[in-house]
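In the two complexes below, chain A is the common chain; its partner is chain B in one and chain C in the other.
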Partner chain A sequence: MWRYAFKRLIQGIITVWFIATATFVAMQMAPGDPLSGEKALSEEIRANLEAKYGLDKHPVQQYFIYMGNLLKGDLGISYTQQNRQVNDIIAEHFPVSAILGVLAIVFAALGGILLGALTALFRNKAPDVIIMFLVILGISVPSFVVAAIAQLSLVNINDLLGFSLLPVAGWGTVQHMLIPALVLGLSTMAFLTRLMRSSMLEIINADYVRTARSKGLPESRIFSRHMLRNAILPVVTVLGPAIAGITTGGFVVELVFAIPGLGRYFVQAVQQLDYTVIMGTTVFYGAFLVLMVIIVDLLYGWVDPRVRLD
Partner chain B sequence: MAETKLTPQDFAPLHSEREVQSLSRPSLSYWQDAWIRLKANRRALISLYIVIFLLAFTVVGPWFWTIDPSTIDPDQISQPPGANREVVVTAPYEPWSIDSIVVPASGMALVGEPTTQSIRMAWAPMPGAFGYRVYRNHFPVEPGKALGLPLVNILNPDETWFEDRLNLKAQDYYYAVVATDATGNRISDPVSVDVLPERVITAEEAIRRGIASAEEPPAIGTPLKMKLHPLGTDYLGRDMLSRLMHGARVSLFIGIFAPFAYVILGIAYGAIAGFLGGIIDQFMMRFADFVVALPFLLFMIVFKLAFSVGAGESGIFAMLIAMIVLLWPGTARLVRGQILQIREEGYVSAAKLMGANTNYLVLRHMIPNTMGVILVTLTFAVPSAIFTEAFLSFIGMGVAPPTPSWGSMCNEGIKTMLTTPHELLFPAALISITVLVFNLLGDGLRDALDARMRSRE
Partner chain C sequence: MDTASGSSSVLRQLGLYALLTIVGIALLMWAMSWIASVTGSAERTQTAIDPETRSASFLLGDEPPQLDSSKATDALSGMVLGHVMEGLLAYNENNQLTAGVAERWDIRERGATFWLRRDAKWSNGEPITAHDFVYSWRLAVDPANSSQYAFLLYAVKNGEAITQGKMPLESLGVTAIDDYTLEVEFENSTAYFGKLVAFSTYYPINEKFHKSVKDRFGADADTLLYSGPYMIENWVHGASLKMVRNPHYWNPGRGGLDIIDFPYITSDPNARLNLFKDGKIAIAGLSAENLGEAIDRRWQMNAFAEGVVFYIEFNHRPGRVTGNRHLRRAMQLVNDPAELVYKVTKLPGYLPGKSLFPVWVQGVNGFFRQEYPAPEAPVNIEQARWHLEQAKQELGLDEIPPLILLTGDNPLSTLQSEYYQDRFKRTLGLDVRIDKQIFKQRLEKMTAGEFDMVMAGWGPDFDDPLTFGDLFASWNEQNRGKYASSELDAQVRIAQRSVDTQERMDAFGEIQRILFEDAVILPGYERGIVYVVDERLEGVVRRAVGPDPDYTFARIREGS
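Up next is the complex of A and B:
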């Protein structure tokens, strides 16, 4: 177990290094440079700025400086907001995204597991047909459309009620978080429902379920102890990629609902070609996702004792 | 007991050996069998028809609907489908002569016919006024509510008339006038008038817009129809139908071409790794693992930046390259796994024993046997590529503005969602339908082509 965890951690570090290198190369390839903004700079100012950011050095030398700083955990200074550290930006905006993401994941996992189990139990009956139709819809409608429609309906509902049931946009209270988290988790929930359904269908006819039933166990106990616990396993495996999907899906939801998260900041940085912020955020997100996948994998060994981690 | 006479006929077999062993059904190839199974799946078949319809919509559509997607129709901005298109030809504008003004005895009144060319009004002089201020609003004038956009401050108490020519549309307007004191403060209750101007156009303008012929200029008073926009117009007055057709070109081009490109790259990579085996295989697959580990949408954005050439290009090419660079490992892993598996199959050993060379093995056994899985991957890759394009265009990192794409149309439509929802609804519905039918088609193909992956439904 510990050996496996250690091995995965080393692999993860190499992966983060690969992500950082790929980001660096991509930023070197990108046309234009961060200093050629709207303001025309004189030669001297330009040279000074280049020296400040180390852009006058050879790309290879820049790469090693960048990697050295990365090892120290320093992601550099923003190009567009010259007195802000990328670390500070992440520290300020990431918690917002993280709260939203955690809520969305919880919502998606709980909803997906329950709905999936429900559809399998009522196979080919009304609940199954209705839920599976919604699931296909949830997979096919892009998140920004869902977000827009949710916001539009919220405006109309608030209008109809005459008071504000839930805020339409912004951030701060629990009420602000509910609808964005719901929207963000929706496509993942649809995906998990489908997965849970097929995994439940496989288990419904399993021998140990029949044995449990023949022993006279109550149906509720068979469902919770025998079916659910076994059917949940494939859902746990895809939680890692699901977290990745929810993190990047957050960009759109944060944009539509005006939530001051890291996703929205990243999109802004990309539009303003703020290279250090783009690089810093990408490496940070990459490292975060790698870590999540490792945790989920370790979790899997704990959930399913049959899996030997080595 | 009478002796039975046996004839040679008695020894003839009751059934011929051939008949017993003949097949009851005709022999079917893998693809014929798959096609029959697909045809039995009604959802998949309907999806296939819709896919064909969508392709026809985007490829053939622009030949029938020839309006340019970037042409701006300034008279019809943000018009929903089925909006009124009536317009009446009028004389060219003539300045208002002071003599023709009839000031009403009380209140405010219109002077002449209100048209979208100009709305003229006059009001009774108010006692104690130093001047007047005229407002225009889209909503009825009610006590306690704002009067709307202030159009003019008149500093002469005797000048009790006003002509509005500011960007008039064929819709309800509510004008209000208040008296002001020497410092411009409002000193009276508003006096108001409401008006629905008639949509008019000069003959010259009508010819220029192409709704009347230059050979026979229309007479004044002739009713004309403005350009038809079956699905309405967007916030710049561009034809929605035409933009949807051209936008489909971008979305479907990326949606279909990108998966093809990276699947082919993946096949080549996976096949080479699978064939060579050993340390090269290990190395190649380790590299593929790293590429898989890159967070997809983040790196789509980063690579999209890296491969962009600069201003003035649509960004389709950069998106295509970024997608290929990031997505090939999935297919490569799949193909490698398949090849490793097929290599061990009995029929491959049999073919080898009979002296088949590598070319024959690859072309006759390996490729046909991986084709089903690859086709299924391809069908599922299309909706995810369309999603990616829409996502990138939505956050403003995809196709550059003048080129329409469904994603960028959604991005523009979301800004006017509350007033004119059709601008968001149409592209959003098309994206959803396209993704849906490709998903259903993929499900059907998987059930038809690959017995092992068959979904349990």
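Up next is the complex of A and C:
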């Protein structure tokens, strides 16, 4: 187990190094220039700026300087906000994305498992049909539409009630999180519902379930011990990438609900060609994703003793 | 599973799980709310207007990128800085230049003197002195500080040479004669210097404070020292920004708001309107889709010309057919900005473009465009075709090759470029190829000259026609099509050097005429905005140059 964990960690570090290098190369090849703006820069001012960011050096030299700083944990200064460290940007905004992401994934996982189980139990009956219809909707409607509709509905509900039931946007209290987290987790919930349903259906007619039933075990015990626990396995597998995906992909939701998450900085940096922020957030997200996959792999061995980790 | 009792017990189990889930989530959210309260904007005023605390809430479209006044370049940072900083001179509620930190001033042909008021203080209670200006102006041109707006200080003697590293910082033509007298030497005579010192690059910076926070200057609320009517009390990056009155400001009677709060930061237009509808913010810009709703709800609506002009620029580099005047004239004669604005883009508040100089620019006594009406070319397809034939002859071409129209990737640019494509094809039979590029890539192509026509725009840096007037001077780096005319250059020089208002305005009039007769640009539109204001709020100042919107004169109506 420990040897396995160590091996995976080394692999992870190599992956992150690869991500950093690939991003660096891609950025060097990307057309455009981080210093250019709507207003043209004069030669001397441009030269001063290039010296400040080390852009006057050879790309190979820049690469080694960057990697050296990365090892020291220094991601540099942003190009668009010239007095902010990328480290500060991540430290300030990732927790926001993480809170929102964790909440969304909890909604998604619990909702998905419960609804999936429900649809499987009521296969081809009314609850199944209704829920599966909603699931298809949840998967196919993009989050910017859901976010906009949710916010508009909230405005109208508040208007109707005459007082503010839930805040329309902003961040800071638990009321602010509820709707954005639901919206963010919706498509994952829908996806997990489908996954759970199909894996439940497989298990309902499995031999060991029939055996358990013929032993005379109570149905509720068969359901939670034999069916749910087995059916949950595929859900756990996709949970890791889903956590990373949700935490990093909340850009639209963050924008609509005015939430100070990291996703907004990530997307804006790409549009502005803010080299240091692109590099910093990509490497950070890359490392985060790799870590999540490793954790899920380790968890997998714990949930399913049949899986041997070595 | 078929037995009724079995199925119901399973359902009970499932229900139990669901209950546990809800309880678990509730606990989790409770735990998280205190984590979030550290990163967020909890415990804020919950309404747009609060007469009790005399506070008003607004929305910021984005995080202000740069609050170091020596480096700030964008309008949003300029807006925030305009509330919390004050320069020698400032704009009042009627958009007139008036006394700021300086109470008297004298602008001469070769220099200027400013006498500072003795009661002007920083937010820590220390007096604002002439040394603070000397320090910040030197900082702006310091190569080590690498400010993008160093060029605004080129009006001051040796500013440009210092930025190039050819002269020491101390040689900048600004001296503190004593704590309250500032003497400025000009590089060339600069008639509009008073307007320059109102701009953020000229704001004072306290040396001791600046050195104590080093690179973090302007990064947070506590790494700034404030000279303006308000100060930032709390700034959570990306989430909120809250301004309160600066207790040491020399004019405590200014404006009626004690708190100017920005509890939301987002660029989403629908979120903005939703927050307004929910009574959370006091001002919201409207887009074309929301206009009907605003009228139905009888909201207090205002329109405002933002000061930015948009136009098509031609490439005059050798080998480009657009260097031919007849070809440009032909396109000028079929260009119909009114059709573009009223029938195609249909955006509220937009005006059809007529000139490089927008309508709000000041002339000798009144508006420049009233004193020097823009020459107009009514659509005349026949004449346009004649010019096109001339162009073909001069160029020795049977057919004009497809023209490349470089444009941005936003929906408005797309709509517009497709309109031009269709317009030039239908009227002149010209083929236009649209080259749609993301922002940075478009700039790269503009600078490299990889276009025949480009959709460009320009917003003012300071309140003088020169901010537009020198755009097509042959030496201007902003002149991406490399238009060169000795006649125009001569007029730009007059406008730069002269201190006589009449003479300068005549020069701008000439520039406007040359741009038209040489068909250097095809005017598109002047950008405008329509916005709604909470009816309890009055006195919000909008302006094309300077901090916009300006809430420092706003007050809450009596009885609300």
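In the analysis below, the second predicted complex is superposed on the first by the 304 of 310 C-alpha atoms of A that agree within 3 Å, B and C clash if a C-alpha of one lies under 4 Å from a C-alpha of the other, contacts with A are read in each partner's own complex, and residues count from 1 in each chain.
One rule holds for everything that comes next: a contact is a pair of C-beta atoms (placed from the backbone, for glycine too) under 8 Å apart; a residue touches a chain by one contact, two chains touch by 3 or more.
Source: prediction; values computed, not measured.
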> Quick one: chain B or chain C, who's touching more of chain A?
Replying inline: C
>> On the A-aligned overlay, A:Gln271 touches which partner chain: chain B = first, chain C = second, or both, or neither?
In response: both
> Is A:Gln81 in contact with chain B, with chain C, with both, or with neither (first, second, both, neither)?
Replying inline: second
> Can A:Ile19 be said to touch chain B (first), chain C (second), both, or neither?
Replying inline: first
>> Taking the superposition on A as described, I'd like to know which of chain B and chain C A:Val155 touches: first, second, both or neither.
In response: both
> In the superposed arrangement, which partner chain does A:Ser214 touch: chain B (first), chain C (second), both, or neither?
Replying inline: neither
>> For A:Leu49, using the defined touch cut-off, is the partner it touches chain B, chain C, both, or neither? Pick first, second, both or neither.
In response: second
> A:Leu255 contacts which: chain B (first), chain C (second), both, neither?
Replying inline: both
>> Going by the contact rule set out at the top, does A:Gly172 touch chain B (first), chain C (second), both, or neither?
In response: second
> In the superposed arrangement, what residues of chain A touch both chain B and chain C?
Replying inline: 31-32, 148, 151-152, 155, 255-256, 271, 273
> Of all residues in chain A, which touch chain B in the complex?
Replying inline: 14-15, 18-19, 22-23, 25-27, 29-32, 136-137, 139-145, 148, 151-152, 155, 198, 201-202, 244, 247-248, 251-252, 255-256, 266-267, 270-271, 273, 278, 282, 285-286, 289-290
> What does chain C use to touch chain A in their complex?
Replying inline: 1, 3, 5-7, 9-14, 17-18, 21, 24-25, 28-30, 32-33, 35-37, 39-44, 46, 59, 63, 65-66, 68, 71, 73, 143-144, 146-148, 150-151, 160, 163-165, 215-219, 223, 236-240, 263-268, 270-271, 274-275, 277-278, 280, 438-441, 443-444, 447, 457, 476-478, 480
> So in the complex, which bits of chain B are touching chain A?
Replying inline: 290, 293-299, 301-303, 305-310, 383, 387, 390-391, 394-397, 410-411, 414, 417-418, 421, 424, 428, 431-433, 435-436, 439-440, 455-456
> Any idea which chain A residues touch chain C in the complex?
Replying inline: 31-34, 36-42, 44-45, 48-49, 51-52, 77, 80-84, 88-89, 92-93, 95-96, 99, 102-103, 106-107, 110-111, 114, 117-118, 121, 148, 151-152, 154-155, 158-159, 164, 167-174, 176-178, 204, 218-220, 223-224, 255-261, 264-265, 271-273
